[in-house]
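Below, chain A partners chain B and then partners chain C, in two separate complexes.
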Partner chain A sequence: MRTMRGLLCCLLLLLQTGCWNRVELNDVAIISATGVDWQNGKWVLSYQVVIPKAISSQSGESGSAAVNVFSTTGDNFRIAISKASEETSRRLYFSHNQVVIIGESAARKGMGPLLESYLRNHDSRETVSMFLSKGSARRMLEQLVPLEQIPGAAIQRMIANEEHGSSAFRQMTANDVLMELLGSAQATSIPGLVIAGEGEGTDSVGMLGKTTTPTKVRLSELGLIQGDKLVGWIDDEQSRGLMWLTNHINKTTLSFSCAGGSKSRASSSAKILTASTKLTPEHVDGKWLIKAKVEATGLLMEYNCPGDLSKPAEVEKLERRIEEEIKAVIAEGWEAVRKQGVDVTGFGTLIHKRYPKLWKQASADWKELFPKTELEVEARMKLNSTGMSGRNFKDAQKKAGGG
Partner chain B sequence: MSEIKQAAGTPLSASVQANVHAVNARFGSSSDLVVRLFRSDAAPERVIALLYICGLVETDTINESIIAPMMAMELPPYAEEKGDLLLESMRACVVPVSSVKDVTTLEEALQYMTDGRCLLMADGSAMALLADVSGGNQRSVGIPQTQTVIRGPQRGFVEDVQTNVSLVRRIIRSSDLHVQTHKIGEQTHSNVAVLYLNGVVDPSIVKEVYRRLADIDIDGVLESGYIEEFIQDESFTMFPTMMNTERPDTVAASLLEGRVAILVDGSPIALIAPTTFFSFFDSPEDYYQRFDIATFIRMIRYVAYVISMVFPAFYIAITTFHQEMLPTTLLISLAAQREGVPFPGLVEALLMETTFEVLREAGLRMPRAIGPAISIVGALVLGQSAVQAGIVSAGMVIVVSFTAISNFVMPEFNMAGTSRTIRFGIMIMAGLFGFLGIFLSVLFIMVHLASLRSFGVPYMSPFAPKPKKAGIWRGVFIRKPWWSIVLRPMDTNLRNPKRQGSGRRPPAQRHSRQ
Partner chain C sequence: MQQIGKSQLALLIILFLVGSTPLFELGIKAKQDAWLAMSVAAVAGMLLLAVYVKLQKRAPHVGIADLYKFHFGRYIGGAFTVLTSIWLAYESMRNVRDFGELTTMALLGFTPKWIIMLLILLVSAYTASKGIEVFVRVVQLLFPIVVISYAALIMLVFFSGLVKASRLLPVMENGPMPIVRAVFPDLISFPFGQTIVLLVFLSLVKEKDAVGRVSYKSLAIVSLFLVAMNALVMCVLGPELSELTSLPLLQVVQLVRLANFLERLDIIVTLLLYIGLFVKITTLYIASLFTASAVTGISHRNLVFPIGVLIYAMSFLEPNNTYHIWIGLDITLKVVPLFIVVLPLAMLAVGIRKKYRAEAAGGNGRQQAEN
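Now for the complex of A and B:
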C-alpha cells in the first residue's frame, strides 16, 4: 500500500510538469526561407511561411499560393523575429528553414549579427543554404518557382543541382560560411541570386498557369566576403574557375575551341566526370607560390574539330587541348579573385596548415601578400570515351560524299 | 473423532444397499447418477450394484463388457461363499475391461466415478471394483484454432489431458518422455500432466515445477491460465514467463530443447517453461520451412514487435516535440493533415488506439453472426469518416492501423498482449517528454526484462547475463540451417546439451557423376 501511494505521488508529479515544450504541428508557422535586408538603419527580416493546406494533395486549393511572405523590422535580429507575433497567429518555426537570402545592402553593412544569431540559437540550423541577392532579399522570397511548390525549397534544390551538375557555384551552408569566416583568411564566397527577366514578379499562382513566367530567380555571380562584409562580385565563368582551383568541381561541362586562344569560338565540349585539385604552397623569395595539380576525367560530348578520333594520337592531342582549357579557366578565376584581393581560394588556410610558423608572420599583411601570390597550374586530363563516332559530323559527311 | 475418520475415508459397508444409499446421498440424488441393481445366475441371492455417471461413460461398453457377461457369468462354486471372492472372481474372470481398480473407501470410489469409471459392488463385500469405461462426448482432435501454420502438422490439443499427452507421445516415441499427472483443484480434481524428456531436461527444473504445483491450493482449475498464474516466477510483470501453445509439435520441440510442458485438463492450451523473451518470437513454422526465408520472417517479427510497442509513441514525439527531425516535405504533409484537428497529438493517438482496442475486443466477443458489421463500422465509420470530419488526422489513422497489424504478427498471443498494453504507457510518456520519454520507457522495460526469471532461467538469456555457451545467441535472430543447430538453445544445465553431431552439412553435389 505504501509503495502504491508512493507511485501515485510520482505519477502526479509527472503530470505537474505538463507537456514540457510540446508544440503541435498546427501551432507552428513553418518557414522555408528567410531574407535579410538593411533599410533605413534597421534590419528587415522577411519570412516565407509555408501554408501546408495549400500544398496537401487532398485539400489543396490550386488557386492559392503555397507560401506567404511577410517582414518585420528591428534593431537586431531577435527583436525583429519576436515582433513577428504582432502579425502572425503562429509561432515562427525556423528548423526547416532551407535558405537565407542576404540582400546586397545588408551584406555590405555586415553579416556579423546574422551569423552571431546563427551561432547562438539552437533552432536555427547551420545546414541552411546562404545566398546573396542583388537588390532586396524580400523580392526573392516573393517569387514563385515553376515545378516546385515551396520557393525556398526550390532555391535550395537549385543550388544543389548546380553544385552536382555544373559546379559553377557551390552550396554555401551557414556552417561553411561560419567556418571560412572564422578560418585563417576570414574570407568566403556566397553565390548570388538575381531576378532575371523583365516586368512584374512571378508572385501569384495564376502566373504559373502560363507556359512562361515573366521573371524568374536564377543564380548569378559569386559574392566575395571579407571579414563579414560584401566586397565585390565575380561572374559565373570566373566563379567556375575558382571552383576548379578550390577542388569543388563535381561534374561540369567544359567547352573548348579547336585551336586554343581566346579569339576562336569554343565549338566543342567535354563533360568532366571527376576532377580533383591538389594545392601545394611554396615560399619563394618572400612571396608565395601555389602549385596546383589538377586531375580530371571526362567524356567527349560534342566535337566540331578536325581529326579522326579513332586514332589514339588524336585523342591525346585532344586531351592536351582540354588541359589547356582547364588552365585557362582557372587562370581567369584566379585573376578575378586576385584583383578583388579577397582570399576565397583557401590559400591562407593552406599556408597556415603547411607552414604554421611562416603564417604567423604572413597573416598580418596577408591582404597585401595575397594578390602577389603566384599560381602555377598543372593539369592532367583523361578522356574515358569519345562517344560513338570518330570524326565530326561534317567531316564524316564529306568523306561519305567523296568516298 | 469423526474428523479423523473422514481424513482416512469412510469405509465401504458390506451391504450393497447401504453403499448405494451412501453414494446417492453424497451425490445429492443427482439425476445423472445411474444405479443398476441386478442378480447373477451364478449367485442368485446376492445383489450386485453397478453405479456410474451418465455422460462420462461409454454406455455401450457398460452394456457389452459389464452387464452382459455379469448376468451370464459362471463362477467357481466357492465364490458364492464370500463377497470379496465374488468381486475378485468377477475381476479375474468376467469383466473384460482393461483397467479395473479396487477401492475400499467411499471417497475414493466417488473420485473415480467422476473420472468416468463405473462402480461395481457385490453384497457381502466391503470392497468395490472400478472399471474404466470412460467416454462420452469430447471435442475431436482438429486444426489448432489460435496458432496456424501453412507447412506443418495440423493437429491441435483438445480439452482432454489424456488425448493431449497421447498427441505428444505420438511425436516423441521414446520411453524417455516422462509424464507425471497431478490432481489439482479441491472441487474440480483436474488432471495436470507434467511432461519432460528424461536425460535432456535439467532435473532441478522438473523438481521446481513439482514443488510449485504442490503448493497450489485452489478449489477449481478451469484452464491452464490458473496454473500459470500460480507457478510463474513474477506475478507483477506484463511479460509472460511461460509460453502457451495449442500445438503438440510446439510442445514436442520444447521438450527436445529441454523444457518442461504442463498440460491441464479442460484446456487445449499447454504451458511451457522455462521460457526466454526471445523464444516468443519463434513460430513452429520457422523450423519447417527454408531457413533463409524463416530468418527473414523472424526479423520482420522483431521489427513488428518494436513497431507495435513504440510506433504511435514515436509519431507523437516527432510531431509534437521533434518536428525538426522530419524531412521538410513530410513535415508539411503531416502539418496539412493536422490543420483543423482539434486535439493535441497525444489525445488524438489515445483516442484512436482506444477505439481500435474496443473494436478488437468487440470483434472477439460478439456473436459470430454479426461479425461483418464490425468491419464496416471499423473501416468506414471510424477510419475514413473520422478523417473526413476532421476529428483525427489521416496520418494518425495510418499509424494506428499499422501498429495494430504489426501486433498480430506475433506468433504468441500473450506476448502480443504485452506490447499492446505497454504501448499506452509509452505513448503517454512520449506525449509528456518526447523522445526522452520513449527512451526512459524503453530503458525501464529493458531493466525490468533483465530482472525477470523463468524457472531460474534469466528471461533475456542468451544475451544477459553473458551466455556460458559461446555463439548460442546466433540462433536467436537467425534460423540457422538444421545441420548447424548442434546445441540445444537453452543456456541451462541440460543433461545433454547437444542435439546432434556437428559437421553434418550435406555435401554440395550428391548426384552421381558418370
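Now for the complex of A and C:
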C-alpha cells in the first residue's frame, strides 16, 4: 500500500510539469503588426515579426532592423497563416500583435472574414488597433519609425498619442469595430495611414541614421465603413468635426480667427481641456432632428487679435467666438459624413435607444433617412484661463510706441 | 451522520449557484433585457426555493429520497429517486463536459479532452469520497478566493472605462414577452432551479430552524450578484457581441487594458471557471451519490467509483461542443422542469401519506437505525 502511494505520487508529479501545451519562447515568432491585402482574388497576409536579438539591450546592434516582414497568401485567413510554416522557422504568435493594417483593396472587398477570424480564435485579441492603409498594407509594415524600435508598437503609440492630445482620430480596436458594425447602424470609421513624403519609403536602418527620413508613416483621413466594406474617406479636419460630434474629444487644439467667417486666417488657438457632447434625437414630421449640446473648457494658447483680455466682457466675446468655431468644425464634419451617407455618427443607435418603436420603421430605410437628418448644434465654451499675458504682444508694442 | 453548519450551507449555496454562470450571458434571448430576465428568474427561483423549504419542513431529518417515499409511497417514490439520482449525475457530467470544452476552447487548445475531464473528475471523486463535511470545508476555503477575484475583475473593468450603461437601452424594446420566454423554461432550469439539490443537503444542517432563513438569504445574495454580473457584461459588450461570443466574460476581461501593464487577465477568469465548475461538479456528484445510496442502501463511499465511471463515460456521448450545447438547451431543458417544478409541486399538493407521518415528524429513530 505504502509503495503504491509513493508510486502514485511520483506519477502525479509527471502531470504537474505542465509540458503538454507548452510554448517555448524560442519556438515562436512574435508578431507586432499584421497587414491584410487583397490581391488577384486572394488574401495576402503580411506579418511584422520582432527579431528578439535586435531589440535585446546587450547585443542590440544598430545596423540591422528590429523587425522582419513577410507575407503569405491564401483563400482565407487561417490557411494563409498556416502557410507561414513554409517560410519561417518559428510558429507565428499573435498574442502580442498590436495593430492590424487593412489595405484599401482589402477594405473595399470586405472586412467580414477578418473580423470572423478574430472572434473565432482565442489567440487573436480584440484589443488590437485597426487601421486602413491607402495602398498596400504590406508596404506600411515595412516602414521604420524613428524613436521606436518596433514599428508596430510605434503606430500603436502614435494613435494613443493622437487620441489623447489632438483627437482628430481615435483608436479603433477590433472590439470597437465589431461593436459598431454589429450595432444599429452597422457602420464604423477607421483611421487611415499613409506614407507621407518623397521617395520609396523608409525601410532600412541606414536611412534612420540621418536627421531626416525621406518618408514617414502618418495618420491621415478617416475611412468610413458601411456593412463591412470601405465606402469613402473624410479628411482630417472633417474627422475632427466628427469626433466633436460623437463625443470623442479628449484634448485638442482649436484654432480660430479674430472675426469669424471662412475668409479670415485662423490666427489664434485655444487648448480644449474637456469637451462633452450630448445628443438628443427628435422626430419632426417624418424626418429626424438631432440636437447636439457641446460643452467645453479650455485655455487660451495663442492670441493674435486685438482686444484687452483683462476685461471680462472681452473674454466673454472670445468665448462666443470659440463657440462659433466649434460649431463650424462640427458642421464641416457632419456635412462630409452626410454626403457619404454612412452613419458613423451613432445617430441610428441613439434613435434606437430613445425611440425603439419609431426605429423599427426607420431602420429599414435608414440609409435614405440618414442624409436627410438635420443637426442643430449648441455650444458652450468656458475659458479657464487666458494664459500668463494680458493683451496681444503686437497690440502692446503699438501701445508702448504710441505712448 | 455527517453534519454541516448553517454558514457552511450559505457558502455552499452561493458558490454552487455562482458556479460558471457569470461567464455566460444567460437570458441573451431577451437581448439587452437579459438582466431583467435574470431578475424575473431569480424571483421565480425564490418561489421554488420556498416550495423546497416547505417540503423539507415537513420532514426535517430526511433527504430527497425519503421525501419522495413519504409522498408517493415506496415504489413510485423509489422510481423517482432512481431517476433523480441519474439526472443529478447527468447534470454533473454536463459540467464536466463544459469544463473540457471551455478549457480546450479558450486555454489549452491542443490538450486532449479526456485528460482534462479525467483530472477534474478525479479531484471531484476524491472530494466526494471524503464526504460532505470535507467538501463544505473546501468550499469555505475557496470562497474568499472567488470573492476577491470577482471584486478585482469588476473593479478593473470599471476602471478601464469599458462600462457604458446606455447599452442596456432600450428597455423592453419588444414588450415583456421576450423576457418571459427567456425565463421559462431556460433560466428557471439553469441556474435558479438547481437549488433542488438543497433537498439533499438541507437535512444535514445542524441548525434545523435556521435552514429556511439561511437559504433565502443566500439565494437573494447570489441572485443580486448574478444579475449584476449579467448587466455588467451587457454594459461592456452590448447585446449583439454578447450573443456572438461563447464566453462573454472572457471577452470582457480581454478588453481590460490599464496603465499599459494590467492586461491579459484571462488567468483570473480561468481560476474562477475552475473553482466554479469544481464546486458545481462535486455538489451534483455528491447529491447523486446520496440519493443513490438512499435508494440502494449501499454506503455512499462505495458508490463513488461506479457513479464516477458513469459520469466520465456519459461525458463522451456527445461528439462535439455544438451537440453538447444543443442537447443542453433543446432536450435537457424540456426534462429538467419535471424534477425542479412538477415533482416538488406534486409533493406539495399530495401531502405526506398517513403511514409515514410519524416517521417524518420524528425522523430521528429511523435515521439512527440507518446509520
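Criterion: the second predicted complex is superposed on the first by the 388 of 403 C-alpha atoms of A that agree within 3 Å, B and C clash if a C-alpha of one lies under 4 Å from a C-alpha of the other, contacts with A are read in each partner's own complex, and residues count from 1 in each chain.
Rule of thumb we're sticking to: a residue touches a chain if its C-beta (ideal position, glycine included) is under 8 Å from a C-beta of that chain, and two chains touch if they have at least 3 such contacts.
Everything quoted here is computed from the prediction, not taken from an experiment.
K.L.:
Determine, for the superposed arrangement built on chain A, whether chain B and chain C clash or fit.
P.N.:
fit
K.L.:
Can A:Asn175 be said to touch chain B (first), chain C (second), both, or neither?
P.N.:
second
K.L.:
Give the angle at the C-alpha centre of chain A formed by the C-alpha centres of chain B and chain C in the superposed arrangement, rounded to the nearest 10 degrees.
P.N.:
So the angle at the centre of chain A is 50 degrees.
K.L.:
Give one of first, second, both or neither to describe whether A:Lys291 is in contact with chain B, with chain C, with both, or with none.
P.N.:
neither
K.L.:
Looking at A:Lys251 after the superposition, I want to know if it touches chain B, chain C, both of them or none. Which is it: first, second, both, neither?
P.N.:
neither
K.L.:
Just checking: does A:Arg78 make contact with chain B only, chain C only, both, or neither of them? Give me first, second, both or neither.
P.N.:
Neither partner.
K.L.:
Please name the chain, chain B or chain C, that touches the greater number of residues in chain A.
P.N.:
B
K.L.:
Once the structures are superposed on A, label A:Ile150 by its partner contacts, choosing first (chain B), second (chain C), both or neither.
P.N.:
The answer is first: A:Ile150 touches chain B but not chain C.
K.L.:
Go through the superposed model and pick first if A:Val23 touches only chain B, second if only chain C, both, or neither.
P.N.:
Once the two structures are laid over each other on A, A:Val23 reaches chain B alone.
K.L.:
Which of the two partners, first being chain B and second being chain C, lies in contact with A:Arg125: first, second, both, or neither?
P.N.:
So A:Arg125 meets both chain B and chain C here.
K.L.:
Under the stated touch criterion, which partner chain does A:Pro356 make contact with: chain B (first), chain C (second), both, or neither?
P.N.:
second
K.L.:
In whole Å, what is the nearest CA distance you get between chain B and chain C after the fit?
P.N.:
Minimum C-alpha separation, chain B to chain C: 5 Å.
K.L.:
Common interface residues of chain A with chain B and chain C?
P.N.:
15, 20-21, 95, 125.
K.L.:
Using the touch definition up top, name the residues of chain C that touch chain A in the complex.
P.N.:
105-111, 115, 119, 166, 169-170, 173, 237-238, 240-241, 244-245, 251, 254-255, 257, 263-264
K.L.:
So in the complex, the part of chain B that touches chain A is made up of which residues?
P.N.:
Going by the criterion above, the answer is residues 319-321, 323-324, 328-329, 331-341, 344-346, 394, 431-434.
K.L.:
Taking the touch rule as given, give the residues of chain A at its contact with chain C in the complex, in rising order.
P.N.:
Touching chain C from chain A are residues 15, 20-21, 95, 119, 122, 125-127, 173, 175, 178-179, 182-183, 352-354, 356.
K.L.:
Over in the complex, which chain A residues touch chain B? Could you list them?
P.N.:
Listed in rising order, the residues are 14-15, 17, 19-26, 28, 30, 32, 50, 52-53, 55-59, 93, 95-96, 98, 123, 125, 150, 153.
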